[in-house]
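Each of the next two complexes has chain A plus one other chain: chain B in the first, chain C in the second.
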Partner chain A sequence: MNGILNFISRIGQLDRRWIFLIIALVVLIPLFFPLGLPIRATESTRLVWETVENLEPESKVLLSLEYGPSTKPELHPMVFALVRHLLKNDHKIYMTCLWPDGQFMAEDLIEKVIELEFPDKSYGEDYVLLGFRPGGEAVIKGIVSNIRKLYTVDARNLSVDEIPMMEAVNQFKDFDFLFSASAGFPGTVEWVQYASDPTGVPMSTGTTSIQVNEVMPYVQGGQVKGILAGMPGAAEYEALIGVPGIGTSGMDAQSIAHVVIVLFIIFGNVAYFVERKKAKKY
Partner chain B sequence: MSGEILGAWIAVFLTLAIFSYLYKDNAFYKIAEHIFVGISAGYWTSMFFWTQIQPNLFGRLWPSKQYDADSFWYGIYDALSWINTSIFPAGGIDKGHEMHLIYLLPFALGIMMLLSVFDKLSWFARWGIAYTVGMAAGLRAYGYLNSNVIAQVRNSTLNFSDPDLPFFALIGNSYFNSILLLVGTISGLLYFYFSKEQKGVFGKVARVGIYFLMVSFGASFGFAVMGRISLLIGRFVDLITYNDAYYHHATIWVLILMVLALGYSAFKEKGSPKPS
Partner chain C sequence: MFWKRTIPIAIVATVGFLTLFGWFVDEPHIKNFVEDDATQWYDILASFAIFLGALNLLKMQSQKILKKQTGWQYSIFAVGGFIFAIIAGFVIKGNDAIQWGAHVTGKGTLFKWMFEFMFTPLSATMFALLAFFVASASYRAFRIRNFEATLLLISGIIIMLGRVPIGIKISAWFVLYLTILGIGVVVNNAFKNKQITLGFVVGGLLLTTIAGFWMGWPVDQPALFYLPILQDWIYNIPNVAGGRAIMMGIGLGIFATSMRYILGIEKSYIGE
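== the complex of A and B ==
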């Protein structure tokens, strides 16, 4: 018994660099040898999918990208999946960015998904990148009151008046649906407060995992129609539209890493109690 | 094409340089950290200037639509244009705006903010800050009250008259979930009520509030771990991609060179006398 306790105690004093190495390995190995663990959509992911599915054809969808390279692995896969779904159902996509890096993400999205997989869709008629405007919530207020005052030109410096799909789009109420892909401030919370709640235009969101707790009350209260929660949310959405992507391929690593972290937490706690017991004894 | 390969090598170097901090603080990490801070500051400044100040501020002060070479106002513009034509192109700025001289006000406030770098004139910055704080407070007050207070209270209200509401449901509305929400909200709020000593019945209710808060913190921690692992997966996917022959096996080469450099540094450190 003493031997086991000593072993646990020694494990508790393990150099943290070994833990980093183990985590790196358990993330890396499933990327090389995928296990194909099943992915089941949660209610909140399914709600996003159903909301998009129930939109009338050729609906005007405002897609706001509020993230950059630092959170790309979590949000980019879900935006890819959502855009595939929207374009498959023939909706019009208007892209705005509240973060400057969001514009790069949008350009990457256009290059890798829209132009490659939907060559029949044309810029200005089926999708448009309005681009980044600084100002945080003031930009949202601007879009709500008069989008044309804020965006006189798009990200490609084309006059908004000359873009066919911008016809009859003057304010936020002219959109049928909003999807906010958000990694923080300004993002989903601000869209709820200044755009969706005051105007009644339905919105869904995809956020980084760390933001889920903050946004979930809006989802449960019905103010936001579903949430894609981090990389698992993206993987679930990919499963729902039947197009596996980057989100799906990362889920094995994610699941195994979680199991290992849980084991570390249990070991850490047991080691702590063993140490405490020892300290009391002597 | 060569630019893409060079970009991959830089990305691999910066990723591994940041990861090297897990071993210990070192020169590679410092280089990556400084590059990140410098590029971020430069990028944001440039982005803000070219997407807001130039088109939306200068574009409204000197729009090309109302350009008049003989007027005093556009005379100032022409002088500025003589200094820099990319910011002030000849014939006014064509961003689809009409002239709005009211924008001189935010222009002046912006310049006043910049005066904070001079000790004697730094008080000017308070005007700009006062405007920003006042505007933001006013803007947010309504949003929070409407979406976070009124809407949340309305949406979490228990509807006893609904015959279809189940007693228990794991997800969605039910009597049990609504009561749990009510207990959690009230006990959580009471925990933060510090005008009365937390003992007796009040203390016990506040303690229930702590348990609810702990569950919330636990959920936050779980989501934080999930997010960090996702980011790690993202970096690993890029490292695997850049180890392809197309990128001349950037990952493995940079990794080997970095490990050798760190090993050599550790060896030298071990041999040198410790500072007293």
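== the complex of A and C ==
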């Protein structure tokens, strides 16, 4: 019995490098050998899908990208899935960025999804990248009041007046739907406060897992039509549109990593109680 | 004093009042100012603020290098990276086929190369390291020390497993068995009687097993013990309640601070 207790105590003192190694392995192995675990869409993900699905054909959708390379693994897959869904349903996509990195993410999206999977869609007619403007909430207010004052040229230096799909687009109210892919400030909350709520234009969002707490009250209040929560949200959306992507393949790794972290917590607590019992005894 | 103190306070108070009342007064000029002109001014000021911030960064890091303060070696990378970004942004385009301006995200340009091969890997690495630190920290710090810590730990585990696909595979009956064992610990602590504890645990396990056979062991029933449903409940009910309370608190704080600015009580922005 003492031997077992000593062993548990020793586990409690495990060098952190072993933990790092185990985490690295449990993340890497499922990426190379996928388990194909089932994906169940939550209500909030289903709500985003339904909102997009119920849009009238050729709806004008404003897609705002507020994230960078650090949060790319969580947000990029959901934006890929959403754009696939929007273009499949023949909607027009207008991309803006409140973060400077967002413009690179948008270019990557155009290159890897739009140009590759939808070669029949053309720039300026089916999608446009308006690009980044500094100012945070002021940019949102600018888009709400007069988008043409804020964007005289797009990200490729083309005059907005010469872009066919910009015709009859002067302010935020001219859009039919907004999707904000956000990793922080300025992002979803600011879009709700300054754009969607005052104008009544419906919006949905996709955020990092850690941000869900902040946005969830707006979803419950009906101000945001659903939320894609981190990589699981992306995987769920991919399952709903029937096109598995990076989100789905990342879920196996995340699943196993979560199980291992839970096991670490349990082992850590067992070791803690054994140590406490020993301390009381002596 | 007049130019450095009175004028800035007067500008802030006037613009603050106009912006605030712009929401309540149906006057086209004020509305136009609030919704259009003021935001344009803000955009222009924000652009200059970036310029000032960049100059400030260069000054601070250069001083650190010249005075050889602690960690001055890192500042060399900061200044070097800054100069490199300036060159890639304003001097060397790297691809003549692309116009200035569009070169920032254009294919084959130096700026795009810098973003793809320097900024992206560094930024992603920093964020990816979190997984390792979270695992290590949860192993060492997530301890059942008191009731609140236990509640946090159980909620954390439910969210962690319920959010990912593997949670779908974990049977509600398994969670129910664990719950009975957990309640058994509480019963033991409360009554300090082995017979009562044994009776509770054996009785609970037996009843659960009979119910399981009777219902045919469906993975997602009883729904109360199914992890994806439990995590949904935690996300939507206690989490949102706490989130709302925090948001209301923040809202009141913002209102109070804004009023302090408008009334000229808060002067930290002029260095007081």
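We adopt the following convention: the second predicted complex is superposed on the first by the 282 of 282 C-alpha atoms of A that agree within 3 Å, B and C clash if a C-alpha of one lies under 4 Å from a C-alpha of the other, contacts with A are read in each partner's own complex, and residues count from 1 in each chain.
Following the convention adopted for this analysis, a contact is a pair of C-beta atoms (placed from the backbone, for glycine too) under 8 Å apart; a residue touches a chain by one contact, two chains touch by 3 or more.
Every value quoted in this text rests on a predicted model; they were computed, and no experiment measured them.
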| item | value |
| --- | --- |
| Partner chain(s) touched by A:89 [first = chain B, second = chain C, both, neither] | neither |
| Contacts of A:269 with chain B and chain C, given as first, second, both or neither | second |
| First (chain B), second (chain C), both or neither touched by A:138 | both |
| First, second, both or neither for A:9, with chain B first and chain C second | neither |
| First, second, both or neither for A:159, with chain B first and chain C second | first |
| Chain B versus chain C as contact partner of A:59, first or second or both or neither | neither |
| Contacts of A:193 with chain B and chain C, given as first, second, both or neither | first |
| Contacts of A:104 with chain B and chain C, given as first, second, both or neither | second |
| First, second, both or neither for A:20, with chain B first and chain C second | both |
| Doubly contacted chain A residues - partners chain C and chain B | 20, 23-24, 27, 43, 70-73, 133-135, 138, 141, 153, 209, 212-213, 217, 220, 229-230, 232, 254, 257-258, 261 |
| Residues of chain A defined as touching chain C within the complex | 14, 16, 19-20, 22-24, 27, 37-40, 42-43, 68-73, 101, 103-104, 106-107, 133-136, 138-139, 141-142, 144-146, 149-150, 153, 155-157, 209, 212-214, 216-217, 220, 229-230, 232, 235, 251-252, 254-262, 264-265, 267-269, 272-273 |
| Chain C to chain A touching residues, read off their complex | 35-36, 39-40, 42-43, 46-47, 50, 99, 101-102, 104-105, 112, 115-116, 119-121, 123-124, 126-127, 131-132, 134-136, 138-140, 142-144, 153, 156-157, 160-161, 163-169, 228, 232, 235-236, 239-240, 242-244, 247 |
| Of all residues in chain A, those that touch chain B in their complex | 17, 20, 23-24, 27-28, 31-32, 43, 70-74, 100, 131-135, 137-138, 141, 152-153, 159-161, 190, 192-194, 197-198, 208-213, 217-218, 220-223, 229-232, 246, 249-250, 253-254, 257-258, 261 |
| Chain A partner contacts - residues on chain B that touch it in the complex | 22-23, 43-44, 47-48, 51-52, 55-56, 59, 95-97, 135-136, 139-140, 143-144, 146-148, 151-152, 154-156, 171-172, 216, 219-220, 223-227, 229-237, 240 |
